[in-house]
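Pasting in a structure now, in structure tokens, and then I'll have a few things to ask.
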Amino acid sequence: MDTLGLLNYAIFMGVLIGIYALLSLGLNVQWGYAGLFNAGVAGFFAVGAYLSALFTAPPVPDRIMGWELPTGVGWFAAMAAAALIAWPIGKVTLRFRSDYLAIATIGVAEIIRLVLRTEDLLSGGVRGITGIPRPFGDLPYEWSQLAYLGLTWGMVVVIYWALERQLAAPWGRMMRAIRENELAAAAMGKNVEARRLEAFILGAAIMGLAGAVYVHFMRAITPEAIDPMMVTFLVWIMLILGGSGNNRGAILGAVIIWVIWSSSELLTDRLPAEIATQAKYIRVFVIGLMLQLVLRWRPEGLLPEGTHVRRSS
Amino acid sequence: MSGLELINFYVIPGLISGSIYALGAIGITLIFGILRYAHFAHGDMATLGAYVALGLVGSLALSPWVALPIAMAITALVAVVLDRVFYRHLETRPKILTVMASLGVALMLRSVVQVVWGVDPQVYSTGIVRAESYGGLMLRSRELITFATATGLVLFLMAFLRYTRWGKAMRAMSDNPELARLCGVNNEAVTRLTWVIAGALAAAAGFFLGINTELNTMMGWSALLAMFAAAILGGVGRVEGAVVGGLVIGLVEELSVLVLPSQYKMATAFVILILILLVRPQGIFKGKVL
Amino acid sequence: MNPVLVMHQVRGGYGDADILHGVSLTVNPKEIVVIVGPNGAGKSTAMKAVFGLVKIRDGAILFEGEEITGWKPDAIVRRGISYVPQVKNVFAEMTVHENLEMGAFLAKSVKAEAFERIYTLFPDLKAKRNALAGSLSGGQRQMVAMGRALMLNPRLLLLDEPTAGLSPKYMEQIFQICRDVRDTGVAILLVEQHAKQALAFCDRGYVLATGSNRHEGAGQELLNDPEIAQMFLGG
């Protein structure tokens, strides 16, 4: 690869890392703040991606929508749709221990996948959805990529800043109190359930946004583009490794894990075909193992929750 | 459609997959009830069991029916080791971390199966087995064996839990762990025993899934939601509940094809799960609500 | 006569903080000893300390002259002490008979006469032997809990508030059973909220407050102490 190619690759990576950082931030709201186990991250991501695509792509026969609306509208719709799906699920399961939420989110993610694979009216069938506009898409290729990198990380910074503010507000303090001592917090009133539901919905909306950012970057999407377990799992390990409860940790984890993940892909791509497919599964195994190791040896993550809160207060 | 057709095309397949779900749901309900966490690697444990049996059939040229008990024993052992290596050290931490670890184990088990056996669908034995008519009821011998074995395993387990010293210790642990410890019940031994049972039954579930359809590396994961729905529908911690729950889910899934596109079969388990959580979270047999 | 149980200056708690600040007490053979004191005084904690459920940082616990400080509960059960917790003290989803069987879990094989002994002590339970413990009344459940604890022929029985929430009639019945049990040669240490009645019925009593001994003496003596009457017995 020449320098330009390398640079392009780095920008491409940078955008994907930013998207995963958004997912990781969204999960941090749910898990880090509220202790909620969402095992269907990919589902909310996919909903956001599809909705924004359908809002903004040109119309096509045999497929619904295609309204060619501005990208901003698509992104907003993505967040709203993810939140709207999260709401009833949270409403039903948050009365119980987080295990039930985890089961339900696995179910939601699977059903979203089923719907997308079954309903060609929605997903455009084998062709998928194409022609999704990209902000700054009219610029020359390199500049367009670079501008999108800026946009993605701009979103990361905005979300980070908003979450930090929210965390410093009474809402955030109450979230932490609930997580530290659920019994004592429950004694404070029925509000616990409402706070956790808010955290779940907010996190889901951020995941939906990540999906939208992704789809406008790729400009096309098919149901196969998103491997649900892989996306969900990568985000989980990003957050746990980075440091759950710490927004900077969430971002750091996204950077580290994505670099490891995609450089291992570069490596396995060079293997002879016979073992390349097996190597793909070994990579999955290693990711699973990594989670176990982090849970065992560094459960608080690289940037534990306390560190940064203390410094800033 | 005649009543007989309804039975042959929907009820019998529903009961078959229902028995398979039941075998998986029993392990899930025991783990949920005694160890108190949702075990997400259960489906992939079933996959592993099915492929271990396939390995025995392929390498030792065993009959699948001989391979089944061996695969159950091996998977039971694997379950005990997985608990020892990946779950036990999390015992004193919030249970949800174990749930998370189990999701990681699910991924690891699946990738091991994919590396060792590949991702193409496989079968235990080739050739078409014709259904025989029993007064109009069309049944294949493997279906009869599935029913009979599942029933046998369930009855055996229930008798074990009801009449033996360690069976009672398991129930005591599920009922009131503090008091069980005060009675001198060894926590670790009960945990190990729970994994032996859950692992063996998961392998049986995977095997029957494989022999009645085909083996593929996603088979267990795809059945996980139905198994959880069955366990919660029956009542967490209730073996009889898991059986009834499994049969109900299996039947409803098959019958849903009459009104829904068949691709959405597995969505019915999810709908039942949400409904039961709304209406009666303790399940049919008044199980635990964690 | 050697005491059955000696707690000597025991200090300890659940986490890092001490709940007990040097608690001492003695139980002699064939004695019923009661611990009274305000809520949160550490009465339950003192009892759990005997049974190995509390981290003990100082002091010693002796059972029949042997030091058992820091032993695990199952070793303590084997040694001859049984404990009935204050709450959740039966297996609600198991039958009365199965509850008794669990009481004898460590014995591996249970003789029929052990059940007979318990059913003689608690005739009410015999009729209910196949009922789920969770379906019984509070008083009957307490009997199941005590019966379970007596299965292995302990020489010391620890009871944490056995009469909490029971009607006076049941309270009397439980006290009577305690006397019967004591007469079979079992020493009893119990915590009681109903201080007046308990002090009247016991052989000796201890008053605990904020994790330390305040008073001790024969039950009647404590009842007549005006200071105690004022402090704990509502004047």
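A, B and C label the chains in the order they appear, each numbered from 1.
Everything that follows uses one rule, which is that contacts are C-beta pairs under 8 Å (C-beta built on N, C-alpha and C of every residue); 3 or more make two chains touch, one makes a residue touch a chain.
The model shown is predicted, which means the values in this text are computed figures rather than measured ones.
If touching chains are joined by edges, the resulting network of the protein chains shown is an open path. Every chain gets a centre from its CA atoms, and the centre nearest the mean of all protein CA atoms is that of B.
Mean C-alpha position of chain A lies 55 Å from that of chain C.
In whole angstrom, the spacing between the mean C-alpha positions of chain B and chain C is 43. Averaged Cα coordinates give chain A a centre that lies 31 Å from the centre of chain B. Chain contacts: chain C has no residue touching two or more partner chains.
Interface of chain B with chain A (complex): residues 32, 37-38, 40, 86, 89-90, 93-97, 99-101, 103-108, 110-112, 114-115, 119, 221-222, 224-225, 228, 232, 261, 263-264, 266-267, 269-270, 273-274, 277-278, 281, 289-290. Every residue of chain B that touches chain C in the complex is listed here, in rising order: 165, 168-169, 171-172, 174-176, 178-186. Of all residues in chain A, only 35, 37, 39, 92-93, 95-100, 102-104, 106-108, 110-111, 114, 117-118, 229, 233, 236, 240, 277-278, 281-282, 284-285, 287-289, 291-292, 295-296, 299 touch chain B in the complex they form. On the chain C side of its complex with chain B, the touching residues are 51, 73-74, 77-78, 83, 85, 88-94, 98, 101-103, 105-106, 108, 148.
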